[in-house]
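Here is the structure we will look at, set down as structure tokens.
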Amino acid sequence: MLSIGIDAGSLTTKAVLMEESKVLSRALVHSSTRNAAVAAIDECLAKAGLKAGDVLAIVATGIGRNEVAQATGHATEIICDARGAVQALPDARTVMDLGAESSRLIRCDSSGRVTDFVLNDKCAAGTGVFMDAMSKALRVPMPDMGELSLKSTQDVNITSMCVVFAESEVVSQIHRKVAKEDILSGIHKSIATRLYGMLNRVGNEKQVVAVGGLARNIGVIKWIRELAGTEVLVPEYPEYAGAVGAALIAADRNKS
Amino acid sequence: MKTAGVDVGSLAGKALILEDGRILSWGLVPTGPDSAETATEAMDAALKQAGLTLGDIEFIVSTGYGRVVVPFAHKNITEISCHAKGSNYFFPGVRTILDMGGQDCKAIRCDGTGKVVNFAMNDKCAAGAGRSMEVMADLLQIPLVDIGPRSLNVEKGEVSVSSTCTVFAKSEVLAHLRQGAPTNDILAGLCAALATRVYGLLKRVGIEPEFVISGGIAKNVGVVARVEQKVGLKASICFEPQIVGALGAAIFARETLLKQQKKPVTA
Amino acid sequence: MTAKELDAKLNLQAGRPTLKSTIDASRARKEYWAGVKEAKRQGKPVVAAFGLLPREIWHAMGVPVLGMESLALQVAARQLSGRYCQVATEMGFASELCALHLSLLGIAGTSQRDAFVEDLLVEPDLIVGSTFACMSESKSFLVWKERLGRPCHVVDIPINASGPGVPGRTVAYVAEELKGLIAFLRSNGFEYDEAKLSQAVDCSRRTMELWTRIEECRKAVPAPMGAVDALLCIGNTLVSLLGTETCVTLFQSLLDEISSRVSCRRGLLDEERLRLYLVGIPPLYHLDLLDYPAKHGAVVVKSDLDFFGGCMMSPDLLDPGRPLESLALKQLSDIVNPCFDNKIENAVRTIREYRIDGVIGLNKRGCRNLPASLRLIKDAAWKGAHIPMAVFDLDGIDPREYNDALVKANVDSFMETLVTSRTGTGI
Amino acid sequence: MSALETLRKSVKDPQKIAGEAKAAGKKVLGYRCVFMPEEILHAAGIVPFPVFGTPEAVSLSDAYFQPNLCEFIRNIFDLALKGKLDYLDGLVLCNTCDAVRKLYDHWKAYIGSPVCYMINNPQRQFTEAGLKYQYQELGEFRRAMETFAGKPVTDDALRDSIRLHNQTRSLLKQVYDFRKPDSPLLSGEEAMDVVMACMVLPKDRANALLKQLILELKQRANPPPSHGPRIMVTGSIIDNPALIRMVEEVGGTVVADDLCTTTRYFWYSVDEGGDPLAALARHTTEKPVCACMHPAEARLEYMMDLVKEYRVEGIIYFNLMYCDPFLYEGVMFKKKFEERGIPTILLETEHTPSGMGQLKTRVQAFLEML
């Protein structure tokens, strides 16, 4: 049975094509692309050498899920993230979804069913957008930030959590000739501290798994590990967790 | 007597030279990674313009975000005092000033000599600062200068933007776009939201004529018109609103010098 | 039921009342406020009262009272709070203060009020404030006092740090404070007759009896009464009319109406999949949110705001023979009183008795009382009844930052998790 | 080491002082707020220890409190969760603001120490009914402490304790006199350190140091620099002198401070005659030092007394975010002070100050305005 999960996020749209629990193909396009969802689905199909008619069920998730015309069903990010995370790492009990514009902390059981969750959707502090702004302010590409921050030798405190103010705080650190890696370390620590608070709120139960685009950032993950005193695992394709969960839910629904 | 003021803001560095109370020249450079360097560049630009060297300037006051790191300044004074002073130079009748820069926004009340009697600034969160407009211009892919005029040309009706956080306002704007709202209407909503926040700040200090708007936002007619409407007063805007802080600093420099020389302070 | 039928049903409610008693209660509230206006016209002094003090005293002494919290809630329900909150911040008050109070400060601070507020509000002649039950209540009336320059009296209500067994000294102190209030009212021309106060307390006692029976009915499956009706009917009545025969009559008709629903097994939804309990102030300006979970076959069967300022307690604790002590005890037992033992017990009891499947907690930015206790409720709900609770940020009074789509998406998430945890599979 | 240095040093590590008492076999109770009658604990042989926050960012308590609660209280609860207050045998609180009430609930539910006590003091001061109620509440508290300490608290012991604490209060007042001259002999930052040290030190030790400090100040050769306007700092609790230091760095002369860690602690003394418990009850119900209390007029009068005594030229309110009582009071009192010719500025701060740059600009602009 073939199913597609599509995660229409605020910055990127992700699609996965699955056969039962096996991922056949993945695609990622910018959400600002025209018909991003269609583009992502088409890319997935093309990679697997299939056509639209072969797939019976498509579940859409993410902030733009209701605008995915091809979807046969919808599900919220919370349950998709949990499902996807457990699929990738079966021991996952606490899932941190580190998305572009929001962070979610989810607790789930062994089958990926959600038992509790905490959201941050009032302030962009601690989200991917925050990191993106910092990346621009420091002129360090997003993918390099985490690595570079690990080279820090000195603690710098970044206290502002408002994206705009943090930008100026970072600029003033640059002015004071503070090394970029130290500033980066400070940024990562401040984000991780905030996420750590949310982690405590859902219970910090093992195994903690981080998904979402920001989970690729080793700097953030390192600090969360350090603060929480616990291992934080990251699946191979963290940004696709929601889409994988959606595809699995699509298959479930089709069966029942 | 030649004095100078240097204003190192978050987006631009400004320097201005004053001779016996008359503006001689000014320099305006974008803020670089090093505040001290920015200050030097701005100062050099102003000096070059006037055909002078640093040695010709008798007293220099620094102001703005980077005021404490200006290496050649004799004294630092906050941008709040400097804006009041500078506005008073252009508009002697000014009593209320709205200064809106990249990251913060200030409402200032002053007396007839340009001395601050009350002020208020926006808080921890950047909602209501000029930077949010840049973010939106970027997002909508239109030049910053077009925001104002276009926001006054509403097509279907102003949309409402409820998020105060710049980042979330951005997603709200995207949602409006997806739903087919005309760009102008979104811009109108953004300008209106900004004007409301700014107005709140003005009310905190109390509004009295004459009313001056300075800083980058003074160039946005969409915000200016909406603030004017709420305040019920026409705003005076000087020909180069970005140099008001540096001008104020230069005037303070002059006053300090005169006081040291025990001469009467007259313009 | 198909989605279409569900939608049709939703449209029938969508934040609107479904009970005749609710309409009657709204009318009674309007009459009450019209009565205050009329009293003012006749030259009687009008009291602006803050702090949810015992209404029995007002009724017994014939005091026309503007209940300021009630005013703020009505303004919120008409989506008008935002502009007054804005005025309050222009007056210098921090925007993160309680929106209910900010809106009242804004109303005090501007002469440009909308027609609705103008119509409700009369210029008060006296101000009564109290320290009950939070710092905003304890401080904001002082601004009205400053603005109006009218005589003002403060009633101190201590916290109840002892749970159900309130110490006698604390009850005695509150009774003493209430005596002080009566003395203040007497010195301003109102007459006090203890027999009348006893009558008012007796009305409250009978109201509590009816209320206890109403609550029993509400536990039925399917739920005969949802959060919208409860809020508008029970809340509306208690907040201004507790202690009057009118209140008793309204509660009697409500009991009749919902018990007939229960006897013919009529509910808001024929097929209830989930029963929800709401803690916190729902968006008064968007009450349809309370009916939104119907999309998932869920009903909000119980909400804390039902008894806003009413107080739920056993009628046995009210003794008309000792009216002041009874009222003191009632005030100290009020769920709004910042002591948590009562609230936790109440939450766990509610979850069990109403067969709740999930709790939604709302975190109001400006509130330091309830939101700071949500974790205690969450833990109690889980430990005591194994029921999950989700917490969302939402200001029930100030609509300016309300994001309908986002809030509904959050509700969807929670409903999905409840459904999956129940069915054991995907959805 | 001079007395000033000794005092300032002891406040750097208050936990050490509590730890020493604990090691000496004493019971140590943490407490919050200047309404807590230390005398009762002292007379029972219990060490009263004021709990302060640390500049460390809050992490564990985020799990319990939403961020829209007083950061100071969140900070204290955070320390407790991290086990950093384990040297305490419990906590005593007074009925003041919402955040303190929540700390009580949460401490009881999650910390589980032998003592978690709330003194339900009235919030209307200067009333007969309130005084009577407070007397009863303190009587109950005294009994609870007797049980906890395992020894009676006699009236004589209470009287001795009142005398000892009164001495600290009057010595602190004498120290504060050195801030009255045109060029104060004690800076704001130093003054705060001194009072906080006296709060944590055993009172006999504090009194000895204060006597020595007074002698030192009389002949202080290098007084702190002062040329700017005379400032009074007020508002929510400040438990770290960084803010005061900042005001002084940008040129303000902090000559008075109405704070929980300074003047509010010692301004009013306790009657030494009659029923000692009645004297303590009167003391707490007749010191208008907190924005939580009524009537506001009494508090305004007390603040105006400070303004006059220390010849204050400008007032700075440092209000913690979400500190409702002071956020309301500040707006109302700003108007009152300005009507009386004292410019006042309201600033919102965080317990772990961030964006000090912005705050600095505001303070400096305020000083320029004066």
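Order of writing sets the chain letters: A, B, C and D. Residues in each chain are counted from 1.
By definition in this document, a contact is a pair of C-beta atoms (placed from the backbone, for glycine too) under 8 Å apart; a residue touches a chain by one contact, two chains touch by 3 or more.
Keep in mind it's a predicted model, so treat the numbers as computed, not measured.
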Which of B-C and A-C has more C-beta contact pairs: A-C
Chain whose mean Cα position lies farthest from chain C: B
Inter-centroid spacing, chain D versus chain B (mean Cα positions, whole Å): 40
Centroid distance [mean C-alpha coordinates] between chain C and chain B, Å: 47
Centroid distance [mean C-alpha coordinates] between chain D and chain A, Å: 45
Residues within chain C bordering two or more other chains: 91-92, 375, 391, 401
In chain A, residues with contacts to at least two other chains: 63, 121-122, 160, 165, 172, 201
Interface hub residues of chain B, defined as touching at least two other chains: 65, 124
Category of the chain touch graph - line, ring, star, complete, other: complete
Of all residues in chain C, those that touch chain D in their complex: 91-94, 96-98, 131, 134-136, 138-140, 142-143, 146, 154-156, 158-159, 161, 167, 169-170, 172-173, 176-177, 180, 338-340, 363, 365-369, 371-376, 379, 391
Sites on chain B touched by chain A in the complex: 10, 31, 33-36, 65-66, 69, 103, 124-126, 129, 131-132, 165-168, 171, 174, 178
Contact set on chain A toward chain C in their complex: 63, 75-79, 83, 111, 113-119, 121-122, 201, 248-249, 252-253, 256
Residue ranges of chain A touching chain B (in the complex, touch as defined): 10, 63-64, 67, 101, 121-124, 127, 129-130, 160, 162-165, 167-168, 171-172, 174-175, 177
Chain D residues touching chain A - in the complex, by the definition given at the top: 57-60, 62-63, 352-355, 357
